[in-house]
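Both complexes shown next keep subunit A, but they swap its partner, so subunit B is in the first and subunit C is in the second.
== the complex of A and B ==
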């Protein structure tokens, strides 16, 4: 359903590729810093793709009446929201991760760094979708949700973004440093997966009152 | 089965509230909610199913308190609100499969009965509003629970389909089920519940809120 929902998945990927290419045009391709910009740009654009597509995570269900039915269904709302976040990750973040090796050619990212970047994205981006579902749960009934939601959840993206970028770009490129960084990304994702569906369910229920 | 609502009070944070609602519904009974537009019929229906938190009174079923127990209510009530709960980008069969998987699939050939078996490969966005309503009603009558809560179920339906739905509801009642309906259509029901707006000032209405009192009319 995520892939067919108004072409959200394809639009997310097209948005990602377009922003990467347009942003790359703004930098001096011969600069020594150019390949350092790549991972940061990929992470920030992935984050923006998640944000742009997250608005409809719950709002569509609210507008067509499905949310009422999901609330009275025998399936716990927490599980429904967790599955929605997971489906969102599959439809938005996974295609971005898969296209990263192609994009990395543009920035001439070294192979070792590319592997770290892809593993980092794989471990870190699920947290972005779970944080997005929390934002969507608090703003789905509001008219200006598309503006309010990014403002609300952007601060929660900072830890994932910082660790995601730093483990690739940090000068001290030791295996231990990379593993620790990846473990922190995994910890953020696991924490998000275990806590945020419950918080989002509370958000949905309180918004309906 | 006895559904008993005692002195129920509920409302939205925006200020709209219902209070003092009491009614009983037995097996094999149908209750029609009546009242002017905006008086709170839909709000009452949503409060009964649990989509709005109840802040006063209680709802019991066979003596068991289910006031704010949303999970229990899903086992007892089948609900259809103003909105059909259909995904416009999916086909009719994909939509129905989704809800049948969640709410249970019966053996009854409800698609044929409702005349929508020729629509199953059509996208919901391509269906008329009447067809969408019939699809939503097919979801309800595929595996109806003991109490039907239907909010204007016949909106957008032609006379043939209206009769069809009326027969299905009456069939459900004859089988020992119950129904609470918001409908302007005449039903051979012996129970009517009228909601009336009140001008009696209360502490909340003095603060600019809109209050309603309910009168039970048989």
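== the complex of A and C ==
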């Protein structure tokens, strides 16, 4: 459904690479902790890509009327929205995760950190897509929705971002610590997956009443 | 619905009658308590042996921080009641409370900044408590903006309630996420049931007055704002009937 939307997947990836590259030039390249900035930058940019591409998740369907059809279809709306979020994750976050090893060369991120970063992205980014579908469902029928959605949704990304960045950059490289951090990320994702489709469906239904 | 239950006041007329009685009472209690608490605190308590007169910021800082968190809790409950029982006043209460909560958050942050500069040497640190308050501000702002974006009241109430409910969960998560981040400069809770950790009695009593005063000030403002909102809706309804 949302997967085929005019090559959003490729645009998302191009956006990600462009932002990473340009903002990397904004830092002092000779500074010693450049490899510490890398993971943070990758996380923040991934978050922005998800946010910006999520605007049309529901709005397009709303405009051409297919949202009404989805509402009266035998598949529950909650499931439809969950699938939309999952498709969004495949089209936006998955390419970003796959390109991470290449990006990490730019920042000379050590291999151990890279592994943790990639596992963290795998576990954490689904939450971003599910939060985005909530934001889309709350704002799709409103005026100025393109600026409204980031304002509403950004604060929701804080837990994922904090844990995602923190487990990579932690100085004590104990395995136990990393595993706990990754488990917390997984917990946030599972919470989002189980709760947010219902909240989003509620939002969509009250907008179409 | 039985008489004398709280649901009776979902009738706006009855609510307005009650609000008419309660607003002056709450106003007077708030005025007396805030004046007592602040003047007692400012003029009749000794200076702290380390911080000097600076400690007196506590009489503004603690009540506003206390309210900033509890107003969000109140909005959470009001949103829940709206979604479950379609109690219109409940949605109105949540709407009316949000700007007051935002103002309280600002007061807490600003008074804390002025307290932090001489004692910690900085206006702002990325301390868990401070960061949590900054995040709380973002949640308040998003909530208020969502209300202004939608004209139809019921739909706006639905959307904002969903945002508030889910937002509370994520606000709580953020609170613990930043706790995980690092240990902060901010001291622990000033007031808790665990008496050992409380501030000294000399400071405690005026602080209590001040907090009670702030709570009633909030209730006073809340009722005024709710009544105004009801009036606005009635005017809109009349205008629509007249075909304007």
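Keep this in mind: the second predicted complex is superposed on the first by the 206 of 209 C-alpha atoms of A that agree within 3 Å, B and C clash if a C-alpha of one lies under 4 Å from a C-alpha of the other, contacts with A are read in each partner's own complex, and residues count from 1 in each chain.
Following the convention adopted for this analysis, a residue touches a chain if its C-beta (ideal position, glycine included) is under 8 Å from a C-beta of that chain, and two chains touch if they have at least 3 such contacts.
Note that this is a predicted model, so its numbers are computed, not measured.
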Let me test your reading of the model: by the given contact rule, A:74 touches which partner, first (subunit B), second (subunit C), both or neither? first
Looking at A:64, would you say it contacts subunit B, subunit C, both, or neither? Reply first, second, both or neither. first
Subunit A: partner with more touched residues, subunit B or subunit C: C
Quick one: is A:136 in contact with subunit B, with subunit C, with both, or with neither? Answer first, second, both or neither. neither
Have a look at where A:9 lands relative to subunit B and subunit C in the superposition and call it first, second, both or neither. neither
Would you please give the residues of subunit A that touch subunit B in one complex and also touch subunit C in the other complex? 209
Under the touch definition given earlier, write down the residues of subunit C that touch subunit A in their complex. 83, 135, 138-139, 141-142, 145-146, 149-150, 154-155, 158-159, 162-163, 165-167, 169-171, 173-174, 176-178, 180-181
Give the list of subunit A residues in touch with subunit C in this complex. 134, 138-139, 142-144, 148, 151-152, 154-156, 158-159, 162-163, 166, 188, 191, 195-196, 199, 202-203, 206-207, 209
Quick one: which bits of subunit B touch subunit A in the complex? Just the residue numbers, please. 12-13, 46, 49-53, 70-71, 73-75, 77, 79, 81-90, 99, 102-103
Footprint of subunit B on subunit A - complex, ascending: 1, 4-6, 60, 63-66, 68-69, 71-76, 208-209
